[in-house]
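Below are two complexes that have chain A in common, paired first with chain B and then with chain C.
What follows is the complex of A and B.
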């Protein structure tokens, strides 16, 4: 297989030799016949179809349900690499929680001048209804997904922090399940750390965040917007795996000062609501009055201390792309340490000098909407046509504050199995982090997303990206 | 001065309610110039589910209305000691940052009419209070006090266009203009004891503007004064919606009618 010399391949490094984390796998791989591997690859697809993992793609009405491509070559991370990553992730998550508490209380970081007041004051992600609220256990982000990319042996960058409702963990679990089924012998040859206990840890972590008034075993439920939501499968899957109820807004109502769900035995009050409904739709009495997805009075019960909402409302102010560029300062401010994991250099187009630079270099940069997600509305300069670049420049000039820009990083590659054998494809990584009082747990691995097209840097599943099983080796 | 208040709000529905929730902000604050001596809020036809203090330091109580209800009555009764502070509430407190009070809301958005008003006001003033008093007078000149033209959902721009409005509209216009001029500003709902009568038609509303050095200062556009001991501050917010005495969602319950009885006296 041919690797570009300027791109770090996680299996082969920058040369031809196999890097040590992959040696066990490579030995095994060489003994497999091409035909049998291709058959396994097809079997994996059948297995996925049967278990029902589908993903709704916005803007493709004719294909409402589509399988995310799965590649059978795992992405492998050594124990040493992982321990360094986890130190960086932990530090970041601690800082994010401290930042959120500060945002909704004294706002020391604004008083110190490290972040300009306007960045927060003009930001719709700042939720006034959270001012002065003490979330149970002091936790704002119970579940975090930190998107990390790699560019070299020791070069890791955080691409974004997902502190609202990160999704994708069901793919992490199903990918492993599929690999265990397809290649059981591999897992006896290579010592891979377990991820399958994630639902158990999630439930325990959520239960540990129950409101102080909760006595006995906390009642946990998953709130979904319903079957038309693109991540509905994941909501149902997690509820099932945790052994808790999956509920919609219409199943819930205010009963005796609590939010309770309708069951066959009447109404049962909920202690911890793992909500996969956006802030704006949570409660028509406090937010969008037209929302049918939420529960009237939920925010009032929350503010009165009668329920834990995970993640807390208003956490979006921490993962907003306008805030991202301040993360190194945020980490320094709240932990007193320099950031272990680097940020990608970011130009804030709201700043005139930055805007001028970005407009000059659009063909080399990635430009993102400050409030966008999922790879929508972004420009990948090196892959864009002249016409696309000029159209984007007009949008950028009319609303510069709406955009940030970053260099196009040479994302690392991991081989995928193609008809012609192994071929390198760019990847990123989303590890999943659980936060409860005094505890931060990071599942070893996470979701590796892979751009299935040769040379493409866009890994988003909504843009045709696939996934891989992610292995963290025992040390 | 000891101000005694009895405030009853009765909702009647032709057709029974199938379910409802009401958020009430009816408890006066202990704040600059006033001390709550006693206060009680009673409810008939509804149940108090919970209470908490919101980002404006308002006490919010949530009421549920049971299926089949036709009448809900909320009665507040209490006494508040007030003193004369020349309308000055004092330094800003609490976690809500001052910049938050510069945020515009749909009802307090400064459109062309508010901008024109601020241009008409000019800039030639000795200090902030005289500038704001002049603004208050200009608003009353442009929008005369009159009931029946506007309702609870009217915006500042709409009220200026109508040329008529009530205390809520006056407050919204002053807030919109003050924010446009760079001041943090907020809405106050409360009570005013009129000297010539005990029975009042409705609760009152006015605005507060944050002035460097003085802190929050009240302006009652409708009466052309800053609040004095006859005023009782109940709830504050960015606009009427955040300070509304009663707001909620009622399902079923067609043809709602509301009767308010309010006595404010010494």
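What follows is the complex of A and C.
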């Protein structure tokens, strides 16, 4: 198979030889018939459909539920690579929590001048309602997803932090489940670290963050916007795997100073609410008054210490793309260490010099909206037409503060199975992190997203990207 | 359990039950149409009446012929009781209560929906009809099998069965009520034999033709047929059986929750009302009256269960 020389392929490196993490897999793969592999690939799709692992696409009311394409070739990470990644992720997550506490209390980092006040003052994700609030256990981001890309043997970059309500963990679990079902023999040949206890850890981690007043076993519930939400499958999946109730706003009510869910036997108070509803919709009395998705009075109960909300409201200031560019400073400020995982160099278009550079080099940069997500509203310079570039330049000039730009990284590739055999496709990685008092747990693996089109750098599922099982090898 | 979850389970299984009952109705109608084309139109009309969709049907069609009725009852998404509509609703409810279901029950439901949706993509030909109707019933059987084989027999199980039996009781009563005139004229004089095809239809639409053969001497006797379908507690689609099951599952809920609700009294009264009847007294006091009374009570009981267990807040 042909690799572009400037792109790092995780199976073959930059040459033809197989890199050592893949050697066990490659041995096995050689002995498989093309036909039987393609059949397995089709079986996987049937399996996903039957299980109902589907997602809805926003803005497509009539659209049927869609499957995220699943590729049967695993993405493999050595134990050594993983331990380095986890050190960097832990450091980053500690810094993010310290930053959030600081932002809603003394704002030392702003006083020190490391981050301009504007970046926070003009930030819609900053919630004044959270100022001075002490979240139970001091934890703001109970669940974090860190998006990581690779460009070489030792080159890892953090592309994005997801500190609000990161999704995708159900795919991590179901992808593994599918692989175990289809290729049991592979797992007896290659020692792969387990991911299946994530739901158990999640429940334990959430329970450990229960409010101080909670006695006995904490009542945990997952709050979903409902069955039409694009990630509904995941919400139901996690609630089921944890053995806790899946609630919607209409199931909840303020009862005797607590948030309680309506059961067949009356109202039961909730101690920890793992919410998959955005800040703005959590409580119509504190935020968007038109919201039907949240619970009136939730914020009052939260501020009084009557419930834990995970993640805490207002964590969005830690993960927007303008703050991202300051992450190395943030890590340095709160941990006293330099960042173990690098940031992708980022131009903040709000700064005139940066804007000028970005406008000059639009054809080689990736430009993103500061508050955007899901791959919407971005420009991938090298893949864009002249007309797209000039249209984007106009948008950029009219609202420069709304954008950041990054070089187009030569993301690493991992082979996928195509009709013509293995072919390299670009990937990223989202490991999932659980934070509870005194503890940070990172499940070995994560969600590998893969661009299914040759040469494409866009891995988002909303834009046709697929997923792979992610293996972390035992050391 | 969340009130919403109880509601979702109740309706998921009501809808599944309804899809099977509709399939059975169409099957019975199809048989008649095959055997005597002269009466076919009246038969199809009575099937539309039994399904309770006469008004909607007439807004769309002028004639009660096989193609129209089959399409309306199986495929039409504008018909809220069509098989296509109700299995879609069943699956939506199943998604809503996904956390209360085992993987087996969910997958059987989801797979059933996918299979039937694909089969009903195009209009159904008369040749293809028997297969499709069989598939609908088989998919339902898979869900029920997974339900009994893999689920804890707790409140989840009870609310599912309350849905099944409220729906089934309603359906059996309506089949009889639309057809009662077939049984009536001949009841008055002993020894008369019924219109064979008509009584076959009734038995077939509640899957009781085999039971009837074994229990009777094989001749069509209106009293015996009515007795089997209304009062026989051994027949899984009879009114007495359904009412008994509803009461039993409510009883399990009372045990688990430690208290009775108003629906328990209604359910007991429902059972007693049937138990106090003999088949003679039913015909004396008027079959239609008894059936209407039963349908009304059954609906009221369903609504009381929804209130008692806080389905909708």
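Annotations for the structure displayed:
In this text, the second predicted complex is superposed on the first by the 470 of 475 C-alpha atoms of A that agree within 3 Å, B and C clash if a C-alpha of one lies under 4 Å from a C-alpha of the other, contacts with A are read in each partner's own complex, and residues count from 1 in each chain.
We take it that a residue touches a chain if its C-beta (ideal position, glycine included) is under 8 Å from a C-beta of that chain, and two chains touch if they have at least 3 such contacts.
Predicted, not measured: the structure shown is a model, and the values here were computed from it.
With the two structures aligned on chain A, chain B fits next to chain C without clashing. Panel annotation: after superposition on the shared chain A, the angle at the CA centre of chain A between chain B and chain C (CA centres) reads 90 degrees, nearest 10. When the shared chain is aligned, no partner comes close enough to touch A:200: not chain B, not chain C.
Of the two partner chains, neither chain B nor chain C is touched by A:87. In the superposition on chain A, contact of A:250 is made with chain C only, not with chain B. When the two structures are aligned on the shared chain, A:263 is found in touch with chain C, with no touch to chain B.
In the superposition on chain A, A:128 makes contact with chain B only, not with chain C.
By the touch criterion stated above, A:300 is placed in contact with chain B alone, chain C being left untouched.
Once the two complexes are laid over each other on the shared chain, residue contacts for A:104 go to chain B alone; chain C is not touched. Closest contact between chain B and chain C, by C-alpha atoms in the overlaid model: 12 Å.
Across the superposed pair, chain B and chain C both touch chain A at residues 253. Interface residues of chain C facing chain A in the complex, by the touch rule stated above, are 1-6, 92, 95-96, 98-99, 103, 106-107, 110-111, 114, 155, 159, 257, 309-310, 313.
For chain A in complex with chain B, the touching residues are 104-107, 110, 117, 121, 128-132, 253-254, 256-257, 284-285, 296-297, 300-301, 303-306.
Partner chain A is touched in their complex by these residues of chain B: 19, 21, 23, 49-55, 60, 62, 64, 94-97, 99-100, 102-103, 238, 247-249. Interface residues of chain A facing chain C in the complex, by the touch rule stated above, are 49-52, 227, 232, 236-237, 239-240, 245-248, 250-251, 253, 261-266.
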